[in-house]
Structure formats: C-alpha cells, structure tokens
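Read through the structures below before going on.
Common to both upcoming complexes is chain A, partnered first by chain B, then by chain C.
What follows is the complex of A and B.
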C-alpha cells in the first residue's frame, strides 16, 4: 500500500518540479506578496485628504485648522476660497472630508451665549474612510470647543475632576498600541495559505481528469483512499513550506510575536491545510474542467475572506451566514492562529475551535471520498 | 476542417498579407469558437454569466456591519447597587452584550484567550464608596488588542455609555450655559447620508466579482496550450493577434453581459441608489474589463498551465484586490508602496468608478483619470501580449 502511495507522490513531485514557473510562483510568490502587501497596509494612520474653507481667517480659525491637521487621520491638502468648490473635490474623490469655518467664527466665540456653526462634509461613498473622517473631525472640533468653554468658565471647571464620578481606564491586551498589522497580517497569511492549498490540490486533480491521466490512475491497483492520500501529500507540503516562509516574514520583517508554542501552531496549520484540502477534493469532484474549478475556488476564496472575520466578526453576521460560516475552515483557523501567535494561547484555550475544525475536516473528507467514488464508476 | 479548407484556398498568401476582411473574420471565428466552449457546458455557462451576481449577493450579506455586537465579560468585585446599575446601563440596548459574569482574573484571561469575549470590564471593590465620597472611581476595561478595529469601536461604545451613566450620578450643573460647547458641529455625509454599509460595499464589491472574467480568459488561453490545441491553431492562417483578440472580444462581451445581473442585484435586491448614467457605467466596465483581461492575457502568455495561470492571478489580482484596492480600507495617500501597488491594480480604479457612478452620480469629467489609466493599461498590456505572442509564433 505505502509503495503505491509513494509512487504517486514521486510522480506528482516530478511533475510539479518540472513546471519551473509554477514552482517559483508557488514557493516565492506568497512570501513576496505578503511582504509587499504587508508594507502597503501596515500603516496605522489614514492621512485622509481634507479641504478647508476658512471664511473667518482669524487666529481662532487657524487654531482650529491646526488642530485638524495635527490629527493623524486627516491631512489638510486643499485650502478653498468658497464652499462651492467642495462639491467638485468630493465628486472627484480628491478629498474625503471638507470643513467650513464661517466668517465671524472668532467673534462668536468671544461673545458667550452665541454659538458658531462649523460645517463638516464627509464623502460617505467609502465607508471606513467616511467613519474615520467624521469621527476625527468631530473630535478635533469638539475639543477646540471644550477648550473655549474651559477658558470661559475657569472657576467652575477647576473643580471638574470631582465632577467626573466614573473614569474608564482602557488597556489593550496583547497589542497595547492597537497596531493594525497584528490584525491584517494573520488574515492575509491564512488567506494565501488557503488559496495555495486549494489551487494545488483541486486544480491538480481536475487537470488529471481533463487530460485523461486520472483514468489511467484508476486502472492501476491503487485504491481510492490511497489515491486521495497520495494526491494530498504534495499540496500539504507546498502549503506548509509557504506557511513557514510567510511566518518568518511576519516575525522578522514585521515584528509580530509568536507568543504561544510553535509546535502547536504548526499542528493547527496542518489540520487546517488538510481540512481545506478536503474542500479542494469536493470542488474537484464537481468540476469537469479546470476553468470551473478555478471559478469555484474564486468564490470559496472570496467567501473565506468574509468568514475569516476580516471585516465583520462572524457573530455580527446574519444567522444564516453564521451557520454557513461553520463550513469554512478558515473561520476556526484564523481565530486559533491569532490566539496562538498573538495571545500565547495553549491547547486548552483553542480546544473548541480545534475540535470543530477536525470535525469539519473529517465530515468533508467523507463527502469527498464518496463523491470521488461516484465519479470513478 | 474549416480552418483546413481556408489554408488550402489561401495557400499562396502569407499570413500577414491576407486582406483585412479575412483578419476580422478570423477574429470572430475564434470568438465564436470560445463562445461554444462557454455555452457547451451548463456549469461553465452559469459560472461565466451568473456567478458574479450570485457571488455579489453572498458577499454583500457578509461585508456589512451596520449592527455591531460586542461580547463583554464583567468581573464585578464591588457587587454594589451602583455597579449593578452601571452594568445594566452598559448592556440595556443590546449592542454591548454581557457575555459572562466572571469570578476571578484567571477566568477573565481564559475568556480573552479563547475568543469568547472582546473585552473584560473590571470593577474594583469599593467603587460605590469612592463615588459616594465624591472621589473619582476607576473602572478598568481590558480589550482584546488583536482585533484593533473592534477594540476601538467597543471602547467608544463603553466610553459613551459610561459618560452618560456618570452624568446621571453627578448633580445637574448650576450654570447650564457654561457646559454647552460654543461650537456647533453640523455634519453632512454626502452620497451615503446614513453611512449605510451596504451602499458603500456593494458597488465596491462589484469590482471584485467582475475580476472573474479575467480568470476565465487566463484558463481559456493556457488550456489551449495544455491540451495542445494552440499548436493546431498555429498551423492555420489565424495569427497571434487574431487569436488573442478573438478571446478578448468574447470574454469582454461575456463580462459585459454578466455585469447586468450584477447591477440588477445591487439596485433591486440591495436597494443601492444608482445615481449616474447606466451607459457610462457599462462603457467604463468595458474599459475595466479591457484593462483586467489584458493583464490576465499578458500573465497567461508567460505561463504554460492553467494551474500556474490561476496561482499567479490569485496572487497578482485577487488578494491585492481585497486588501489594497481601497475596497475596505482607504489607500494610504502617504505611502509610496501602497500608492504604486494600488494604481497598477485595475480593481482600484474600478472601485472608484463604481462607487462614483452608483453613489455620487458623477460623469466622465470627474472619472477621466481612472478611465484613462484603465484604457492605458489595457492597450499597453495588449500590445505587449501580442508582441510576445508573435515572437513565439515566428
């Protein structure tokens, strides 16, 4: 039995090593990709372009502009003469937010009961940029307002500490600076592992079917389960090598910690790769051509980005989608990857996710072996 | 058979000397052949025409976060009426959900490590006494920093509720005038007044699902190499340029047909406003498809197997489209790496175009930079591909 399996594995490796272009892209591509993308997305701040219409032109209005420009989220890029110019800039997407300081701003501030109205216009077409710009601009303007209040009511405010009965002291565990790359890099890394696994495994099998060599393998004494085990070896190794290379990049180039046990991390990754591969087998069972397999992988990849919780935590999705997410290995894997790498979790902490992943892998294995049989007959 | 008879008839003509009509005819016959490939198999037909719309539906449900819930663990060491009131005030509207009542530090740690809660609130003993004495009582909030986005959102939620609750505790200020901020902020969110997630994400996601034709064309070309049918085509009067153009025309048309159900899904199913011109949207979609399909052809012309072509496309097109195109996080203006990568990615321009036409309703006057970049990319890549292809033929 093992000889037969080994034969197929050797054949697969020979075939794989022959295609030099594929080899380079599969082995070096993911690491290079992660390095470039990591650099492009690692920045913590957003530097959204901001337009200012200062109709007041006093030291007070300038102080407000400085307060806005000092924010890391906003960069003042355009100084406009009239508010009419704003629409054009927003339409072109050249600025994400515009702030209009009315004439008489300083004068109003100096005469207590009156209130000056500062207008903030935000481009809502890009959601996260919209939220960030809105929050930052409101915060800066409100704090300038607060300072003015403080000056007006000096004596009353002196006793303010006692006027605050509750104080919230936030701390961020595992990532005190709330660095963005702690979140992004594991997402990108696991997504690349997923894509490589799926492509090498299912496209490999469909290719054999398309070129007719799978038929030849079937007439050999090789049993189905042997064939599947043999066919899974190459993609598993390739994905593991990619994983290690990318892990090295995240640690050395981007300075992410590995706080938990490396052995556990590798074990969990191996389970993930195997579970993902059985999905690859299902895809290859339902695709007649590589083109179809690729389209299915595209859909699976795109859904995996969503279910990895990259944008929305799975708990916040509609209930049906939460059920659907249970079928996607990446949902469990990414949470374990973050837990082991960044939080130093041990086996006890991840046992729920790990058993779910094992269960999922086993279930889809059964489905794919049965499907495989059907196609053979 | 058909190609064979053509060769016989025009044996005296060299490939480049054939009349213009012949070239057009050969291009269309390649396109017709590709169309038969697509139509022949129901599954391929579905995947080429319907799957972008189908994928958009699924994705759009996943990429919305209008309703956010946070799971909070509470370690209440005070156990006073004040602390109970405070916790009730935090959790009353369901946005912050009290997930666990924790007994000790150990459990708090366990919960954070196993991803059960996104934060733990620690109320130290004697909080009520402190507040009653007029001192400031401190409450600790430990957030899971591995998800910075939801950590800061949760902090904002808890902070806001804490301040509201604290305001009910302190005596009403005597001089209300003094506490009103002298600056009134009037905000207006343009194009998407309530910052509805779907309205921003659906047009953005269209750019991702419309990358699917690029995968089809790359596999279609490399498939011919793999099966050896390309060699067969070399023997016919069909030139490299005609072969590529034939495929390009077919997949561009398929892409344009498949964008219609996508627009219907976006507007009818998800109710995203369509404020711009549909004609312009279709023209610019063709522009995007030109850019992305030619990029795909260029890459595929270097590669000999479908597998290799797909791996490369996923790495070069798909993964960056999710993370770098401005679909989710805005492209960082100050980072050169981000700018270069984003601008070479056709998806970035199409995300801009799609959002602008759907939500802003702007015309070509605002969109020409993106439109021009896409066209330039398409023509440059197509030229390169044809050139490289001719070389191989010669």
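What follows is the complex of A and C.
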C-alpha cells in the first residue's frame, strides 16, 4: 500500500517539477503579490502630508509638533495660522492630516485635573491613511502630553470642526501602530495557502482525468484510498513550503511579528491545508477539464475572500452569510493565523476555532472521499 | 467448470443505462481464452461503454459479467490484476519520458528486479521504442504514443487485453506495426478484445461483434458475417454517381445499393444474370461505366447492410446512418 502511494507521489513530483507554468504560479506569483502588497500598504500609510495649526505656541506645543514630525507616518508640510485654512487643504488633497493645538494647551497640561484637547482631522476618504494617521498621532500626543485626550472628529468630508468633540482615546492593542500590513498580510498569506492548495490538488487530479491517465490508473491495483492519499501529498507539501516562504517574507521583509508559537502556527496551517484539500477534491470531482477547475478555484477564491473576514468581519455579515461562511475553512484559519501571529494566542485561545476547522475538515473529507470513486460513473 | 475456464469473458444481459440512453442493452457475450475479438460499430454504438464495463471501471445497471472468471462488480480488483486496458484517448504521462512511464506502471503493478528490467527491455524492443526511451512521451509521434501506451498496459503480462480503438488516428505504417504486435500477443495466448472503427481490422479478428445503439446485431467469424449479406456484389464506377444510383435502384433483381466514394456497390440476386443488363441500362441513359466487376463483399458492405436492415425494421429511434453516403 505505502509503496504504491510512494510511487504515485514520486511521479507527481516529477511532473510538478517539470510543469513550469504551475511552478511559476506557485512560487513567483505569491512572492510577487506579497512583496507588492506589503510595499504598497506600507507606503500608503507613510509620510502623510500634515498641516499644523499651533494656536498655543509654547514649548509644549512645539514639542508635540516635533514628536508628530518625527513619526514615520506623518510629515509636517504646512504650518497654518487658522483652522479655517484646513478644509481647503484637505479638500484639495494637499494634506491628509491636520492637527489643531488649541491655545492653552500647555497651561492645561500643567494643571492635571484639566484635560488638554488636541484636534486631529483626517481625510476619511482614504481610510487606511486616516487610521494610520490617527494611530500615529495618538502615540505622539500621548507621549508628549501624558494624559492627553484626543478629540477625534468626523472625517474632513463632513467638514465641521466644531462638531461634537468625542472625549475618547482609542487604543489599538496588538497593532499599536495600526499598521495596515499587520492586518492585510496575514489575510494575504491565508489566501495564498488556499489558492495554492486548491490549484495544485485539483489540477493534479483533473489533469489526469483530462489526459485519460486517471482512467488508466483505475485499471491498476492502486486502491481508491491510496490514490487519494498520494494525490493529497504533493499539494500539502507544496502549500506548506509556500506558506513558510511567504511567512518568511512577511516576517523579514515587513517586520510582522510571530508572537505565538511557530509550531502551533504550522500545525494550524497543516490542518487548514488538509481541510481545504477536501474542497480541492470536490472541485476535481465536478471539473472535466483543468480550465473548469481553474474557474471554480477562482470563484472559490472570491467567496473565500468574502467569507474569511478579510474584508468584512464575519460577525457583521447577514446571518445567512454567516452560516455559509461556516463551510469555508479559511474563516477559522484566518482568525487563528491573526491570533497566533499578532496576539500571541496559544492553543487554549484558539481551541474553539481549531475544533471547528478540524470538524469541518473531517466532515467534508468523509463526503468527498466517499464521492471519489475508482469508477467512471 | 472446465467450460467456464475456457471463457475469458462472459456476459449475461449486461446493460448500462445513462440518463437518456441505453448505451449497452442486454449484451450476451462469450469469448474464449486466446480469441481476438473485434467490436465494431459506428460512434455512439456503445463500444467504449462495453469495454469500461468489462474492465470494471464502470458499474452495470443490469445483468452480469465475468472477466477472467471474476465478477465485474464484486471482484473488480482481482480483474484489474489480470487485464490490460488501453483507453481510446492518449493515456500516458506526457511530461514523463518513455522509460519513466514504463517504470511507473511497473511500480504500480509491483513488477520489480530482474523481471522488470528484462520485461521493459523486451517491451521497448517489441514496440521499437528502445532508441526513444529518454524522450518525453508528449514528444513522440501519434503511432509511437500508442505503442508506448500498449507497452505500459503489457508491463504486468495481462491475460486479457482490452483495446479501445487503439489505432484511431494512427498512420497506416504504424497501424500495421501495431497489429504485428497484437498478432504476436495472440500467438502467446493473450485474449484480445479490440474495438475498432476500421473494417480491415475487423477482418483480422477471430470473431467480430457488430454493435449498433447498444445492441449486438451480429457476433460471428468474419466469414460468417460476410455470408449474412444477401445477394452478390457488383462494383462499378459510373460517370454520374447520383443519377446512376437512383436509376439502378429501380432495376429488377437489385437488393441494395451502397456508395463507396466514386464507386457504386450493387447487391443483386445473381451477378451473372444482372451484370450486363445493368451496364446496358446505364449506357442507354448516357451514363458511362468503368471498372464493372463482380467482387466479394467485404466486412464494410456487410455491416452497412446489416445496420440498414436494422433501421428498416424500425427497431431504432435514432437513424444514425440510414443515408450515410
């Protein structure tokens, strides 16, 4: 049994290494995508043009301006005399952020019971930049002012600086810089693993069907279960290697942390790959040609983006979509991936998600394995 | 028991239905060990389905079949150890070399050591592929690919070999080579079950079965099949094929007319009596005639005739080739 499985695996590897297009897709594609995405999201939230209205003009207010300017996120480009000029600059897109330091800032800082208020206006039409600027400004303000309250108003589009000031101090845990890469790269990582797994596994089977070799294998002593195990091995290894490579890029090139255990991360990824393969089996079962398989994978990718919590948190989806999302392994995987990498979650924290993933994987595996017959009908 | 052992393949009312068609309809077959059995019939007759049923890779809807003494439903895996199957489509790994393909199938069938080395060398020589052994299968010519596919299905020395249109799309020279290999196998006692659209190949079989719309219309030796045709055959080449055909149809003693390219094949009750009148009639209508001769009906004429008869009997709802020419 193991010998025959090994025979098929060796053959699959030979074929895989000779399939230049698939190799490029699996190696170059994800690397390029990840690098570009990382770069783009990093630059989008760096060196944002910032206008300052210093109505205080004290050493404290200047210290705050220096602190803001020293942030990588913000570049102070304009010093304005009055707050009225801000709207104009924001409207024209010359600045993305404006900070108003009111007169009396230093005085209130010096008398503790009072709370100093600094107004930060961001261009809300660029959400990422806005969040990044807010996050960064908070850090700077907090460091200078100690107990400083940030007055966050509606985005500039609403443009009424006098709107009700909110007395709140949002703090982002796990991602103190509110860096978008922290949020985006793990999602991208999970999608890459998903696509690579699906592609290598279903192409591996569908190609054999297309060329008729699957029919040929059916008349050999190779058992059904042997064929499935053998056919699952290559995609699993390829996806795992891809994951490690992409993880290395996110960690070394973009500085994402792995706060939890690497072993746990790998284990969770392996479970995800295996669970995802059952979808690969389903796709192979219904596709007559590789072209059809690739189209289904594309569709699956889009659905997975929707259901993974990549764009919209699952909890915020309509109930029906929440149910549907339960069938997509990536939903559980992405939240675990983020939890382990960014929050340092341990097994105890993710066990619910992990059990759900294992359960889903096992159930769909039973269904798809039973449907994968060593017969043509 | 001894009688049973003589049979390589036996089916009883073997039936396979798909959603809308009955691909194989109550097939009864008995094929002795060592036979070359040819399955002929137009496209869609059910040839491939029959072979798949016998290779135990498709389940019958009804009826039963035993291959090499094993039931196709219960003992599928036992059958697979004893048969070789070459599907109609190219069925090798194009991105693997000739040698790698052979080695892979040897691995799967657990043919190892000395035996494997000898057998692969033998098969390569047999298929005249020795000098191409490191070439990728996809880069072989169509004929060579077929021979390689055959070599791969022979790696475990099967008792029974199923070949589904093995020579379709193969040039005549390779086709002849291929049949030389098959004859060799036949001499070694391998049972061959071949489907083919080529009538000249059907003539080489020890028995042929004509399938049409899932039915076995006739199943006999090529000679017997040809004897089924009524009348004698006159062949001629008229100037105006269409007019000649319409005219000849009304003549006395004409049983059936088939066109064959430029040629007109006329079945008559007696060639001796009708030949001259036929010529006279055509000439009087101003249709020039050349190559007029009596000839032996071939498999092709026999099959067309049999299929037409079947259609005329109205036992079909799908007039595939009633006016095929």
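Methods note: the second predicted complex is superposed on the first by the 240 of 377 C-alpha atoms of A that agree within 3 Å, B and C clash if a C-alpha of one lies under 4 Å from a C-alpha of the other, contacts with A are read in each partner's own complex, and residues count from 1 in each chain.
Methods note: a residue touches a chain if its C-beta (ideal position, glycine included) is under 8 Å from a C-beta of that chain, and two chains touch if they have at least 3 such contacts.
In this text, all values refer to a predicted model and were calculated from it rather than measured experimentally.
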| item | value |
| --- | --- |
| First (chain B), second (chain C), both or neither touched by A:242 | neither |
| Touching partner for A:48 - first (chain B), second (chain C), both, neither | first |
| Partner chain(s) touched by A:211 [first = chain B, second = chain C, both, neither] | both |
| Contacts of A:19 with chain B and chain C, given as first, second, both or neither | both |
| Partner chain(s) touched by A:60 [first = chain B, second = chain C, both, neither] | neither |
| Residues of chain A touched, compared between chain B and chain C (which is higher) | B |
| Partner chain in contact with A:11 - chain B first, chain C second, else both or neither | second |
| Shared chain A surface residues [contacts with chain B and with chain C] | 19, 211 |
| Residues of chain A touching chain C in the complex | 3-4, 7-8, 11, 14-15, 18-19, 211-213, 215-223, 374-377 |
| Contact set on chain C toward chain A in their complex | 52, 55-59, 76-77, 80-81, 83-85, 87-96, 100, 104-105, 107-110, 152-153 |
| Residue ranges of chain B in contact with chain A within the complex | 41, 43-44, 47, 51, 54-55, 58-59, 61-65, 67-69, 71, 86, 110, 112-115, 118, 131, 134-152, 155, 158-159, 162, 165-166, 169-170, 173, 175, 177-193, 195, 197, 199-201, 203-204, 208-209, 211-212, 215-216, 219-220, 223, 226-227, 302-308, 310-312, 314-315, 318-320, 322-324, 326, 328-330, 332-335, 337-338, 341-342, 352, 355-356, 359-360, 362, 366 |
